[in-house]
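Just below sit the structures, each encoded as structure tokens.
Paired with chain B in one complex and with chain C in the other, chain A is shared by the two complexes that follow.
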Partner chain A sequence: MSAVDFYATTLLVYFGVDVLAAWGLNLQYGLYGMYNFAFILFQSAGAYTAAVLTLGAPTHQFGAQQYFAGAALPFPLPIVIAGLVAGVLGLVIALIVGRGMRSDYEAIVTFVIAVMALLTVNAIIPLFDGQAGLSLVPQPLAGTLRLSAGAYAWVYVAFAALVCLASYVVMHRLMASPLGRAIRAVRENPSGAAALGVNASWCRVVVSVLGAGLAGVSGALLVEFIGTWSPGSWSYAETLVIFSAIIVGGVGNSIGVLIGVFVTQIVFAEGSRFLPTSLPPNLVGSLQWMIIGVMTLAFLWFRPQGIVPERRYCVPAGRDGSSGERGAAARKTGPVPSSSLVRGRGDS
Partner chain B sequence: MLIVPAIGFGLATAAYVALAAVGFTLQAGVSNIFNFAYGDIMITAAFVAYAVNAAGGTLWELLIVGAVTGAVVSLAMNRLIFRRFVRHGVNRFGMLIVTLWSGILLQNLLLAVFGPKFFTLQVSSGRLFTFFGTRGILLTSVQLISIGIAMAAVLIVAAGLRFTRVGMAMRALATNPDLAQTSGVPARRILDYTWIVSGIFCGLGGVVLALATGAFEQTTGEDFLVIIFAATVLGGVGRPVGAAVASLVLGVAMEVSALYIPPNLKELAAFALLVVVLIVRPGGLFSLAKEGAEVAVV
Partner chain C sequence: MNGPVASSAPGPILQVSGVSLAFGGTLAVNGVSLSVSPGEIVAIVGPNGAGKSTLVEVISGALRPAAGTVLFNGVDVTRKPAYQVARLGLTRTYQLPTEFRQMTVLENLLVGVPGQRGVKLRYALAGRRTWGQQETELRAKARALLADLGLADWEDAYAGSLSGGQRRILEIARALMTGPKLLVLDEPTAGVTPSIVAQIESFVTDLRAGGLTFLIVEHELEFVERQADRVVVMAAGRVVADGSMAQIRLSPEVIDAYLVG
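Now for the complex of A and B:
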């Protein structure tokens, strides 16, 4: 595989993976307004699940990597199961932070969960080989396809793109559906939505499970390609980078989020190229983080709606937009009356 | 029995948890901003103390340097970053993102200056004191000093909030910032005081934490933040005595649980307590500010 192929395919797979994860977080935060600082756990759960289900049963030989359970399932299954496992974790998180927890406590509890999960995986080595993490995960279908390494990498990029496209279609349909409108209504005005009969708990469960599932699939896609996953890949700061991508790109807008991921990834992948080469390596790493941080703060200050803002979902209220007779009449016969929120509940 | 010595370790742990948590709870209670950069300010103080220590500073000098660093960094962050973003209209969740990123900026600044390795403060831990017999509680003089400072900190903050005019103004701002300002509370100055006082305890806590953990690195403060959160939420946001009691419970729970589970998992005890309490009472145990109190815009 040529260096260019290697560089391009790795970057593209990372891009697809990050976009999937950011879309997942955008469902939770952008669409519903869930403050989840434990988001990276879903990606991690997906990655570990896929790795363990691809590696086969652990050998228990001296010096071999240790992990819990293990199987060698055929190709699409590890990725699918990874999504499901992450989805279940999403359900658990939704139930923990549910029940009207104060918004900043929600952020704190999820932050604590993320730190504690990292601590646990690091400390209990038989779980996923602790700090060292899992490695040598075989690439799916590499034996059956019999392609050169470069061609295989491009096939994998196409596969990742396909997964992204399918996820986009599903996500887009959800966001445009009555249920999606109901979820957005809960975000804008929880008590108003509740008064119209929207079940906020159900909305939270839907976004949490779907968002987590997307993140789980993203983690699985990544680990099946690069073959390794360790605690270094999922510190709480990684969640923050995804939040930054969403804020930069545009909260609640899928295309905006894609652009935001592109921008943050350019900083990480290419940012070092524009720094003087005389800098010590740890300074380069620090500077990349600092650039993302400063960029996020700058966007919060100058353009909190992001590069591509969320679409306004307006209900036409008469031609002049007034609330007079004609306006009221138009609202009654208008195409999307506000009562469609109630239909959102009926749908679910 | 190992329980009694474990309780002794718990007391020592509770001391630095309480010291840090008192500063955190005061600032979080008064300004209604959860400062995720708090742990990073702590560790910044520890790094400055490390530099002073390398130049031959003694324990007391390190503590003073830590307190001053904490106060200065804390005030600077509020003036230069946090207050401006609040005035700019960034909401509560946005402020969490702002404080988190500020903390990471600080961490990476330290990483760039000091480099990626572990650091140790070279301070003799002093005489060993035993209580309740030779199988009882063992504490070094450094640990006793930390316990003393922590108790003094709790009493000063609690009494200050209760009895002084500045303390009353702080409580007023916590409860209803708009009403407090229309009643003539100089909100900007009072909030500055809050960040300074909180910064002093933050810096002291950082130095004591660095002494207690032995080896520290840039992310040590951020990891420790989890326990501060637990102490703050369990004790009630804005309640120094509550934070102290919660720190005691957490400290003893962590050290005693270390007898039964792997010691590097002892923080899980703190975590379990926090999550269970928040599931049972999603609004926390008690709070200085009422539910949904606003962030003071000054």
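Now for the complex of A and C:
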């Protein structure tokens, strides 16, 4: 595989993985308004599940790696099960945190869960192999396809793109449906929604499971491609990067979130690799975090709706049988109010 | 105007018995009992801090009382969550409008419509073909209501961009779309212009003629006198009088409550 192929395919798979995860968090944060700082756990759990379900029984690895209940399931079962496991974990965390908790407490509790989970994973070596993590995860269908490394990588990119496309369709259907409308109503005003008969707990379960499931699949896609899983790569700080992508791209807008991932993860984070080599080596990594942090703050301050704001769910006159007399020009749309999630400067 | 669902229950549509609720040792509602009959407009009045809004919170399921029961249409709703109470047909509005700011006016109306296919996860994920037809019908119904309420031109506007009076009307419209049997209005005329008050009063008159039952918490006594069949006066968490406006005007407890607070 050429260096360009390697770089391009790795970048594209990472981009797809990040987009999937950001879409998952966007369901929870953008659509429902949940402040889940433990989100990275779902991606990590999906990645771990896919790894152990691909690696085979632990003894096959000559005792070099320790993990729980290994199996060698055929593709794409490890990825599907990874999504299910992460979805169940999402449900558990949704039930722990509960819907009655105020958003600031919810953020604190999920953050604590994320920290505890990372410490636990590092401490229980028989289950997770400690900080060493897992490696030598076989790439799916590599033996069957018998492609060159470069060709295989591009096929995997296409597969990741297909997964993203399918996920987009599912998400779009949910967000545009009356259920999506009910979920947004809970985000805007939980008491008002409940007074109209909306079951906020069920809405919470839906976004928790689907959002976590997407994250699980994204983690599985990554680990099946790069072949390694390490707890250190899934620290709680990674959740903040996904939040940044959503805030920059546009809270509640799937295309906006995709653009946000591109801007934060590809343009700025990846772009910093091309900084002059004369800089101190540790500075580049730190600069990535600083750039993402400053950019997030800048968007919260100057453009809280993000690059592509959440779409206005309205139907053009005549399209759904409404009167043609009332053309779109006659209808008032008014200014865009600030979001209940991210308010701009001067908003109360 | 959107037709409310007439109640078929022979007894009171709402029966509140001995309801009490304390916040940090202070009894906000203290052994309150009241009833509302089908088709009736009952107003709750009282000075600030009398416990009126807390009682509405209890009746609507937002708060659970420490003691007492709330029966709605013969069903004990004392321990039911707010969304279940709403689904039974008891819909309330808020003292401060709770519009969904980042959603259009039309969407605000559609949120609470009962029996929507697209609210079920399997239909939502199956796509618009499974719920689109019903959605089109509901949009037409919501547009007709918006036209009645003078908000037709604002259907695609974000609710957060409406004026205070328009938000108040939107709040009532949204509640009507749920097909309520009992509409509980918490200070519907507070902080709005006289023209909006007149508009709200006209809605109440029309809806009452259609058979809808109201429980209205209100400070504006002229509004209460014109609309209410019966007035419940609360002070310091208790009901101090219950009767017609003419009767309660003569009640020494009411005079005390308003003068002494």
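The working rule: the second predicted complex is superposed on the first by the 302 of 348 C-alpha atoms of A that agree within 3 Å, B and C clash if a C-alpha of one lies under 4 Å from a C-alpha of the other, contacts with A are read in each partner's own complex, and residues count from 1 in each chain.
FYI, a residue touches a chain if its C-beta (ideal position, glycine included) is under 8 Å from a C-beta of that chain, and two chains touch if they have at least 3 such contacts.
Keep in mind the model is a prediction, meaning the values are calculated, not measured.
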Which of chain B and chain C A:V206 touches, first, second, both or neither: second
Partner chain(s) touched by A:F111 [first = chain B, second = chain C, both, neither]: first
Chain B versus chain C as contact partner of A:I93, first or second or both or neither: neither
Partner chain(s) touched by A:R173 [first = chain B, second = chain C, both, neither]: second
Partner chain(s) touched by A:E310 [first = chain B, second = chain C, both, neither]: second
Chain B - residues contacting chain A, complex: 34, 36, 81, 85, 88, 90, 92-94, 96-98, 100-102, 104-105, 108-109, 111-112, 115-116, 222-223, 226, 229-230, 233, 262, 264-265, 267-268, 271, 274-275, 278-279, 282-284, 291-292
Residue numbers on chain C that touch chain A, as the complex places them: 60-62, 81-84, 86-87, 91-94, 98-104, 106-108, 110-112, 114, 116-121, 123-128, 131-132, 135-136, 139-140, 143, 152-162, 174-175, 178
Chain A to chain C touching residues, read off their complex: 170, 173-174, 176-182, 184-185, 188-189, 191-200, 206, 310, 312-315, 320-322, 326, 328, 330-340
Sites on chain A touched by chain B in the complex: 35, 96, 99-105, 107-109, 111-113, 115-116, 119-120, 122-124, 236-237, 240, 243-244, 247, 282-283, 285-287, 289-290, 293-294, 296-297, 300-301, 304
